[in-house]
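Working notes, structure below.
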Amino acid sequence: MLTLADLNRMDMPAFEAAIGPVFERAPWVAAAVHARRPFATISGLHDAMMDAVRTAPRESQLAFLHNHPDLAGKAARLGAITDDSKREQAGAGLDRLSDEQFSRFHLLNEAYRARFGFPFIICVRRHTRDSILSQFERRLTHDAAAEFETALQEISYITRLRLVTRVAGEGMPRVDGRLSTHVLDIHAGRPAVGMAIELYELSGGQFYSIVTTVTNADGRTDQPLIGDRPLPIGRYELRFAVGDHYRSRDVPSGDPPFLDVVPLRFSIAEPEGHYHVPLLCTPWSYSTYRGS
Amino acid sequence: MLTLADLNRMDMPAFEAAIGPVFERAPWVAAAVHARRPFATISGLHDAMMDAVRTAPRESQLAFLHNHPDLAGKAARLGAITDDSKREQAGAGLDRLSDEQFSRFHLLNEAYRARFGFPFIICVRRHTRDSILSQFERRLTHDAAAEFETALQEISYITRLRLVTRVAGEGMPRVDGRLSTHVLDIHAGRPAVGMAIELYELSGGQFYSIVTTVTNADGRTDQPLIGDRPLPIGRYELRFAVGDHYRSRDVPSGDPPFLDVVPLRFSIAEPEGHYHVPLLCTPWSYSTYRGS
Amino acid sequence: MLTLADLNRMDMPAFEAAIGPVFERAPWVAAAVHARRPFATISGLHDAMMDAVRTAPRESQLAFLHNHPDLAGKAARLGAITDDSKREQAGAGLDRLSDEQFSRFHLLNEAYRARFGFPFIICVRRHTRDSILSQFERRLTHDAAAEFETALQEISYITRLRLVTRVAGEGMPRVDGRLSTHVLDIHAGRPAVGMAIELYELSGGQFYSIVTTVTNADGRTDQPLIGDRPLPIGRYELRFAVGDHYRSRDVPSGDPPFLDVVPLRFSIAEPEGHYHVPLLCTPWSYSTYRGS
Amino acid sequence: MLTLADLNRMDMPAFEAAIGPVFERAPWVAAAVHARRPFATISGLHDAMMDAVRTAPRESQLAFLHNHPDLAGKAARLGAITDDSKREQAGAGLDRLSDEQFSRFHLLNEAYRARFGFPFIICVRRHTRDSILSQFERRLTHDAAAEFETALQEISYITRLRLVTRVAGEGMPRVDGRLSTHVLDIHAGRPAVGMAIELYELSGGQFYSIVTTVTNADGRTDQPLIGDRPLPIGRYELRFAVGDHYRSRDVPSGDPPFLDVVPLRFSIAEPEGHYHVPLLCTPWSYSTYRGS
């Protein structure tokens, strides 16, 4: 990975080669800021690039928006999109849609283009499938000016994420969130050790398993449930094997046990936030809260 | 409905007509206790009838066990079982099985008969589908003597329930359980009024909706979620529309809201018990416990 | 006790004798409403009497206010006040003040009379000592009109309470509150039975024991902690012998136990309200909330 | 402070001067282990010194026990004890006893000496005043052999603490505990920032304020409530200014507020343990638990 110092020393061709791809098929954005080197921070560099977009002639802006592929569109299915776009769409599961879901995306894409004249742009790494669809529907009700602004905001999110994978240095923008948990066995007055946990994403009425893990000696997980990336906006369910925990400790709790698999269902609204969702349990009770 | 006083005055034919059907195709049980009138309590009457079964010759006992229909068996599908049995099996959903489930019951029935020589008898009103199947599997591991005892115990449960629908009087045995809930909005320090609640039974990996209701001015439901009957042993999920509750009160809680539909998953192990499963909630936390 | 029907049939002298004392040394209030018989409800009768006070000439109103004794004043110490006043002041502990507290009341009484020209009137049955003092200080900042209204409101509270002890009938005003508790042992999944509980009032930095009781088979107390009277506004502490409970059940919880006596400290602000203050506990955790 | 490496290189006189005072008036203990250098860990050094005590002739052991001052005894009042003992006793407040408390200690000291023939020895840094007294009473019931063992165990605690203040190096024994808290405002779904907290020790029916602090941006305190020392065994109360917190945020909660100062009362039983005692609160509810 490049350092910001490296970048600040580069001539125009090298500079454009290095960070041109950050803006989809728009190397001119990188070119436009070359003269403003040196940049003190990565955030400063990104702000300068977004300024270049915002102050470009309307025509260039629209051409730039047009260069973005449809979400889950035919171009994506046929592979005719940039590698960055491909990876991003795959990360949200958009490459594994049923025919019905594909049709729904197709119709929404058509409606959106018809209304605004450019493709629907969203930073898919910040959303679950469900959230992309609800954003689609919500943004179709915008007026043209508001939606143009929203599209630029999404481009800012997309390009910020692409930039930080290419250049490291001072003043990195905050792009990662964190989802963590902690299980306290308040029957025993100790962290619950070795309890199985599974995290699911809820999309389209289905539960998609994302993480399977187990609590460590402190009742936490060795790795955050989600970390080092934006938390996709959407609905989740954490399931804890509370029944197994007490069964293995010979604590009587009924047959079948009053609590077996305990689900905690919650939503994430801030992709760059920290969500701590702990479980306090006995064989007969449990509670959760948004912690810190 | 008859009173115990009426029954105590009846001659043999009337007595047998009145409570003979309580024991499946075994009017001799009623006949055997006629001479022991008057009965002071319904429980006393039922104990006497079970005594008659327990002290009958082995041959009569086995004939009696044989008179019971297979669970979800062909006889049931073809309608060749008593009305009581039909109603009881339908109550547990055994009349609406998929072909696969029907086959599973068929295989278990065969295995059980092969091992013990009489049909699998269980008081279905005290069980969910899942619990019937797990009992089936557990009881197939019993030895003959233990299983004979278990079958009689189930007959005691079945007949107790049949008896109390036919005769009223002093000393009614406790046959009903109660499942209730209560929602406290600890953000507002008040009961949560008008919150939608849905109760599901979990069987075979499916959620079956049992009750749809809404909280009243005290945060409770006007009727118990389940009452005036045994609580079927099994797994349940209560879902509370917490997100709608706070949305309608303009309490900000994220977009999407941190908590939307809150599921509480628990099991019932005591059909004649009282299960109180309350919810304490804020837009950012919730807890539950087995209350009283 | 009289019934409203009895009262509605009384001639003037009997009527005045019966309910004249409800308004302190002001039998004219009863006399003024005699002609408005019959009254359909106790609330209606009380409203009529308050109307008579509100529409009396200013002079009579002031004379009436002047007829009230100072709170914890010399008249009270010397016994020269009505029996009703004596009982009411004693109920709030105003007859057992230290010399320092007595001096403080004396100074406040003087200041109040100097500012408003009549004695400080408050329905002492609705307040603890602390609350009376804080009301005293707050009301000393009122302007004359607001304070005159406040004094009448307090007279309404006082007389409502005096009326309902003399006459029973339809439409009784709500004058009683209720304070209750409930202890759930969520370690065992059952109500905590036989747990010692003590309720204290906090006034002047001291804890005054009000109630000593024990939980019954349902984890509740046989009687409400406070009931059949207004709940005095003020601060309280409930103490639960959680350590003894688990010690007697051989549940290990540390030496000394992590939780021994658990205090719940809360305030009452609505004398006619229902305060339910439950405790959910394990040897290692507890929670409380304003329930219903 | 010395390092273990320095110590390992010392000749006998320097070695004895450096760590001789660790064992009260018994430099022979240090002398006895000089030949066993080099020590790989501080724990190993301490174990060797305790071995020297345990294997010394009975006579030397008793002389060593006799060299310890009475707790809160006349020697302490007159200053005729070692500086280490003085500091340790003062840390537990034993230098600020009332005459009554002083008499009680005096009587217990006499009784203990009469029974066991040596002074009562306890590692006061691991106890509150209350806990010292309850240990005194409990140990007076021991038989001589058990009590001799207990006295040596306490000497081990005392000397371990003295040793780690003089020598640093590998394998430090764990001598410090930690008491921490965390306040989550589950009404707002955020840590409670700027909430005043006060920690009290309960001894002899009195509350002694130990720490006054305030929550930081994460709802925690910048420093642990107690840290870098053993946690004294005993009873504590944490008080949280919950009422002020919500008042300053204009959240209505009654007048007076339902919750104002919230006390959490708990005990510490493991001086080298970590006690995390968090508060989850709304204006109408709170909970706590032993966390981690």
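Chains: A, B, C and D, in written order; residue numbering restarts at 1 for each.
Heads up, the rule we're going with is that a contact is a pair of C-beta atoms (placed from the backbone, for glycine too) under 8 Å apart; a residue touches a chain by one contact, two chains touch by 3 or more.
Quick caveat: nothing in here was measured; it's all calculated off a predicted structure.
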| item | value |
| --- | --- |
| Any chain that touches subunit C and subunit B | A, D |
| Between A-B and A-D, the pair joined by more C-beta contacts | A-B |
| Chain at maximum distance from subunit B, centres defined as averaged CA atoms | D |
| Separation of mean Cα positions, subunit D and subunit B [Å, integer] | 57 |
| Intercentroid distance (Cα basis), subunit B paired with subunit A, Å | 46 |
| Sites on subunit A at which at least two other chains make contact | 186, 189, 254, 258, 280, 282, 284-285, 287, 289-290 |
| In the complex, subunit B residues that touch subunit A | 131, 134, 233-235, 254-263, 265-267, 269-270, 280, 282, 284-290 |
| Contacting residues of subunit C [partner subunit A, same complex] | 186-189, 253-254, 258, 280, 282-285, 287 |
| Subunit B to subunit C touching residues, read off their complex | 182, 184, 186, 189-191, 218-219, 280, 287, 289-292 |
